[in-house]
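To keep things simple, chains are lettered A, B, C, D, E and F as they appear, and every chain counts its residues starting from 1.
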Amino acid sequence: MKKIEAIIRTTKFEAVRDALARIGVNFFSLKDVKGYGLQKGEVHTYRGADLGADYIPRLQMDIVTSDEKVEEIMTTIEQAGRTGNVGDGKIFVYDIERVVRIRTGERDKDAV
Amino acid sequence: MKKIEAIIRTTKFEAVRDALARIGVNFFSLKDVKGYGLQKGEVHTYRGADLGADYIPRLQMDIVTSDEKVEEIMTTIEQAGRTGNVGDGKIFVYDIERVVRIRTGERDKDAV
Amino acid sequence: MKKIEAIIRTTKFEAVRDALARIGVNFFSLKDVKGYGLQKGEVHTYRGADLGADYIPRLQMDIVTSDEKVEEIMTTIEQAGRTGNVGDGKIFVYDIERVVRIRTGERDKDAV
Amino acid sequence: MNEALFTANNLWILVATILVFIMHLGFASLESGFVRRKNTVNILFKNSMIIAIGLLTYFICGFNLMYPGETATGFFGFAGFGLSLPDGDAGGIAYADGAYAYYTDFIFQAMFAATGATIVSGAVAERIKLNSFLVFTIIFVALIYPIAGMWKWGGGWLDARGFYDFAGSTLVHSVGGWGALACIMVLGPRKGKYTSKGIQAIPGHSMPLATLGVFLLWFGWFGFNGGSVLSADPMGVSLVFVTTSLAAAGGAVGAFFTSYAMFKSHDLSMVLNGILGGLVGITAGADLMSPMASIIIGLIAGIIIPLSVVFFDRTLKLDDPVGATSVHLVCGIWGTLAVGIFGSMAGGGQFITQLIGVLAYGVFTFVLSYLLITVIKAAMGVRVTEEEEIKGLDLAEHDMEAYTM
Amino acid sequence: MNEALFTANNLWILVATILVFIMHLGFASLESGFVRRKNTVNILFKNSMIIAIGLLTYFICGFNLMYPGETATGFFGFAGFGLSLPDGDAGGIAYADGAYAYYTDFIFQAMFAATGATIVSGAVAERIKLNSFLVFTIIFVALIYPIAGMWKWGGGWLDARGFYDFAGSTLVHSVGGWGALACIMVLGPRKGKYTSKGIQAIPGHSMPLATLGVFLLWFGWFGFNGGSVLSADPMGVSLVFVTTSLAAAGGAVGAFFTSYAMFKSHDLSMVLNGILGGLVGITAGADLMSPMASIIIGLIAGIIIPLSVVFFDRTLKLDDPVGATSVHLVCGIWGTLAVGIFGSMAGGGQFITQLIGVLAYGVFTFVLSYLLITVIKAAMGVRVTEEEEIKGLDLAEHDMEAYTM
Amino acid sequence: MNEALFTANNLWILVATILVFIMHLGFASLESGFVRRKNTVNILFKNSMIIAIGLLTYFICGFNLMYPGETATGFFGFAGFGLSLPDGDAGGIAYADGAYAYYTDFIFQAMFAATGATIVSGAVAERIKLNSFLVFTIIFVALIYPIAGMWKWGGGWLDARGFYDFAGSTLVHSVGGWGALACIMVLGPRKGKYTSKGIQAIPGHSMPLATLGVFLLWFGWFGFNGGSVLSADPMGVSLVFVTTSLAAAGGAVGAFFTSYAMFKSHDLSMVLNGILGGLVGITAGADLMSPMASIIIGLIAGIIIPLSVVFFDRTLKLDDPVGATSVHLVCGIWGTLAVGIFGSMAGGGQFITQLIGVLAYGVFTFVLSYLLITVIKAAMGVRVTEEEEIKGLDLAEHDMEAYTM
């Protein structure tokens, strides 16, 4: 089993969620993250002085899936989440050793 | 060493925390996550219209531990976190390669 | 490729960020976490009763990097993030199997 | 008429002016509580400008359009730009038979004027372009409101016909409500309100702000209705205080039961709207009603509120984030008609006259507002872009956020 | 008595009415600031209903129970349901010797009435069932408050005995405080307050709201005390303004030093409670005190506050989220007794009389409130379920949240 | 002078007192909205203490320093500690020729006094030590403000010279502004404001609070300016209401256009400051101006605001989180000079006199405040530690947070 961690634009969340649903991926966890990188956040003006964030607010989706689905999910997120501008984010894949579904106690493959 | 990532119900947090303390697990990190899955969030009514969240607020506990303790921790979380209803959450286990305790610089096993 | 997960003090964030920038690490994701451990949060008094948090607010930095940079990054965080008092936090290192840059579709090494 | 009585009378109208002024804070709070966090600065900004625009346009032309004095015909009159204080006692004790001075009259009426535009502000929230809204407001308070108001309060044709509207159920609230209705028809609903998945609730971001707003509006209403006695006459003002308060209480109770019956929960926003509905409802006849009649009028207004909100939302699919159409338009009509049903003027003939007034104001205000907002749409657009709407008007129009950490 | 003086007098009582009205917003803000975020809508909802219930029940029977006129005996009287405006001047200039009109009297007293129940509302916050609270409120303001009030203000036995309570340290504040005490004894503490790990603080969710509430209460107190002069008499009202303000200032300073000495930090909530304690303390004798005496009364009230809060919390283990028992009950008793110690009525005999009054009100109100809430508990329950308490009353009772993102 | 007129006149000054009181809530809200979340409790705490300190010190010595009566020389006088009510009618109808009673005079002036210190409070926010600030406040309101005030309102040398300041553009606002300027010069900017990366904006944490504050200030200003007529004279008070309102409206419009031209966005905080600037600007001559002149004075004040804010921030590098120096000092000077340019006293000679007054108050207040804060700095420190500043004053000084979840 693998865990896919995708850091995406907040504005692309709905597109990615819907694209994943179309390929049957309905389970994931979502977190707010602050993305630091070369691209800075927007600069605002308040009372004549500049106010810049050095990060961009982003969303991290965690999706645990069986090995065979990884490629499809990655491609789906890539396509749905892309704008082509700096700041589109990244996808990371990890190996997962074990999974448990708390409700039933099912383990590993059955639990995904 | 392993990292255990448990997605649990917010209402079960205290039970799980106390159960872990009883088996000597006192260190973990806690994050707020939004759980997307087949079970939707509660539907509320506001001014006569429906207001449904498509996610459930959940907590993610990250516990890094030595290989031998993994099974015990998993069972503990499972038991303390179970309600038997859809939405109880999941536990994932990862391999961790290295650990450092920042305060002392201790590494790996000593640092857990 | 590796993922470095560092749990640090909120007050040390700027020091760590700047130290990382000096060794050329500018990309990371930041999350708020609640750190549970033996060290409790500060105790406050409100209307004559005690108010203690059983956690400490902390920051988690996620840095994905190539294998060779891991050691340097770890040492940098360790040095910049250390106060020597209980509660300095920890660094964990995971293996990452795959990486994608959403914007370009570049994969793995090219995408880090 | 002695000087002391003149001083006491005039003092009351000045105090009432202050109370009506603070209704603008009430509107600002209520409306910002009922919108999303990302559009809060925008609402606050609009309400800060509305009161400024209202006062200035009323100074420039509004006052003399609404009270044209000898230049009045049945439908229109204009006594000239700016103010002109009558000399000596004619601007003081003799101006209104010892009830108030000339400048008191102006400032009290000016505070009223801006409330009409504020009503519109809530209904169009979260999607209208700031500049387009401001242009609408200027014309609405400078021209539409005072010209319409003149028909009754300025001694025009409806006054001659016996139409009665004590403090403005129709002249202020319905007029504002018709303007709001025209605008939301042209604007369309907020993105995400009517979707393929059904009608979505978009909850307001702060119930404390909304509650603060309603209490401040009630507070101000003592001046709105009480000041409309146009003197400090103890019998008159004390009766108006009683009827106004009891109607508000009745509105709360009516909305409490009706909304619970409809939604099986105690929706605070409905009780708040119910209080306002009761207040709007009593406004046309606050000086004519017995305490018991005022409770009934308020109760019915309170019952109307949830029904009307759902009707606009589900049946008409008109998106009104704060319920301005239900509170001000529907309860304003109800209150105006209630003058023909309850109280010392009740009677079939009066009811017909009230109905004529309601219709006349409805047609005039709605048509002109609809034209105005349509012209503005063509000339400069009325809606922010979809992207701006998602981002929120605070960042899009004001480059700032209402709250920071 | 001339018409102008009547008009000025009556105008002041009407303005005071508006000021007492806004105290309800003060209570709503203060209480919601002092509870957790998840119970905010509930507090706002309760306070919106209390004012409505207070006005309506006072109209139905409260006014005529409290001021039964000729039907009064020492302990009870009832002049009939509803209001009956005396004919002609008897309801106007002749009603109170030119001080205020009949309807003015009613509406001013009605605004007072609802404050008693509001005091209870804060103490029982975060755990009481909404409907049970509303039933308690109805009976409390419709019956307990006016019957008790009649003993003094309605010309009953305590009035005859020389008991003095100018504006209600006892009749309003202690009465509300006794009701609160009875309720929190029956209700029990909030879950998580007294745990095996010790006494836990449960901090309020918004200090700006709490501060807003206290300033609004002080603002309203100018009407509460100033209006209780029952005319616009310049000497009387101006003295009351001075004593009221200085006592509030004294309360702030007393609480500032005492709470710092006790807790080694500047707890804003204590200074806010201290201001209120000073206001409650001066209320019984606001017309009797010199400026200096009023500062001392306020200072002592301010010193009492942190001591009393800690006493209720730690010693009695009675959980009162907003400190209503300390502010209204304890400082209400203090203020009533202070009439026997300071000011123009001070003296041993008066002190005894004041004590008798304090005890009489204590026994009557506490026993009846205790019975009432116990009966309600048996009949319909008083506490939400543990699950609802954890979830918060906003979602449990109102299906909504106070704030959204 | 008859009793009824005395009662009406006195009533107005009492109502104005209440209105000036609520300005303290206005300041508390405005300032807390303009600071960061972590310093909110601190601002609320300071404002709660300022009003208490202001009232008490004005009772102890302020009133008799500012209005020393027969003991006055041109620059200083003192009629003794505490208050001494003149006997009989001399403290009542005869005290001010039937305009107000002795205690009314005191309490109205006492409410004014505390506003000066409140102005300072906002400018020094987010970094000053609580106790140091309180010591500054005590001396500022007990001595500096009343001694300076005496020069004009107490019949001192500037009054004799024909200087005019109707309600305090200089005596209250500039005096407070000079104190603020001295303090921020000694204190230095907030950490993170002027960095190697340039001048950083530090946005306020709550625009709803800030807006609430400005509306409450405007509300209170009806009492501040209107009460300064020092009777309920219908012509006088109604004119002041008109000029005050129109100047505020002008300020909003002036700031709207200027800030948009400068920043290309609609900065709400600038419009809010613009309204206040207009109000401060009209205060010196609110009884002298025509409606049109008051609009112009307000407009210019509104234009000044963004220019001045940027000037202090960028050019002088003086860090003032709420814009107190621009609003109170700069617009206070503008309003004082405007008396020589517009209205019934305009003229070259008057302009010079106004300038002399502005300079005299500037030198006196600035120098004394600078000395005072410097002495406090040496004696007890003025700034919290860097660590406390980062953590926030709420946790550092009050061990509590303004908001919890």
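The criterion applied here is as follows: a contact is a pair of C-beta atoms (placed from the backbone, for glycine too) under 8 Å apart; a residue touches a chain by one contact, two chains touch by 3 or more.
Just so we're clear, the structure is a prediction, and the values are computed from it rather than from any experiment.
Colleague: What chains do subunit B and subunit D have as common neighbours?
Modeller: Both-contact set = A, E.
Colleague: Starting at subunit C, what is the smallest number of hops through touching chains needed to reach subunit D?
Modeller: 2
Colleague: Tally the contacting C-beta pairs at the C-E interface and at the A-D interface, and name the larger one.
Modeller: C-E
Colleague: Counting contact pairs by residue number and requiring over half to coincide, which of C-E, A-D or C-F is equivalent to B-D?
Modeller: C-E
Colleague: Roughly how many whole angstrom separate the Cα centroids of subunit A and subunit F?
Modeller: That pair's centroid distance is 52 Å.
Colleague: Measuring centre to centre with CA averages, how many angstrom lie between subunit B and subunit E?
Modeller: Computed from C-alpha means, the inter-chain centre distance equals 47 Å.
Colleague: So what's the Cα centroid distance for subunit B and subunit C, whole Å?
Modeller: A distance of 19 Å separates the two centres.
Colleague: Multi-chain contacts in subunit C: which residues touch at least two other chains?
Modeller: Residues 31, 44-46, 94-95 of subunit C touch two or more partner chains.
Colleague: If you look at subunit F, which of its residues touch at least two other chains?
Modeller: Counting only residues that touch two or more other chains, subunit F contributes 2, 4-5, 7-8, 11, 15, 203, 206, 212, 263, 265, 267, 269, 399-400.
Colleague: Quick one: label the inter-chain contact graph as line, ring, star, complete or other.
Modeller: Other.
Colleague: Identify every two-chain combination in which the chains touch.
Modeller: The list of touching pairs comes to A-B, A-C, A-D, A-F, B-C, B-D, B-E, C-E, C-F, D-E, D-F, E-F.
Colleague: Taking the touch rule as given, give the residues of subunit B at its contact with subunit C in the complex, in rising order.
Modeller: Spelled out, the residues of subunit B in touch with subunit C are 3, 17, 26-31, 62, 64, 94-103, 105, 111.
Colleague: Considering the complex alone, what residue numbers of subunit A touch subunit F?
Modeller: 44-51
Colleague: Going by the contact rule set out above, which residues of subunit E touch subunit C in the complex?
Modeller: Within the complex, subunit E contacts subunit C at residues 198-203, 262-265, 267, 269-270, 306, 309-310, 313-314, 323.
Colleague: Could you please specify the touching residues of subunit E with respect to subunit D in the complex?
Modeller: Checking each residue of subunit E against subunit D gives 2-8, 10-11, 14-15, 17-18, 21-22, 24-25, 28-29, 32, 40-41, 44-45, 47-49, 51-53, 55-56, 59, 82-83, 91-93, 100-104, 106-107, 110, 130, 206, 209, 212, 397-405.
Colleague: Please give the residue numbers of subunit C that touch subunit B in the complex, ascending.
Modeller: Per the touch definition, subunit C meets subunit B at residues 2, 6-8, 31-38, 55, 58, 60, 70, 74, 77-78, 81-95.
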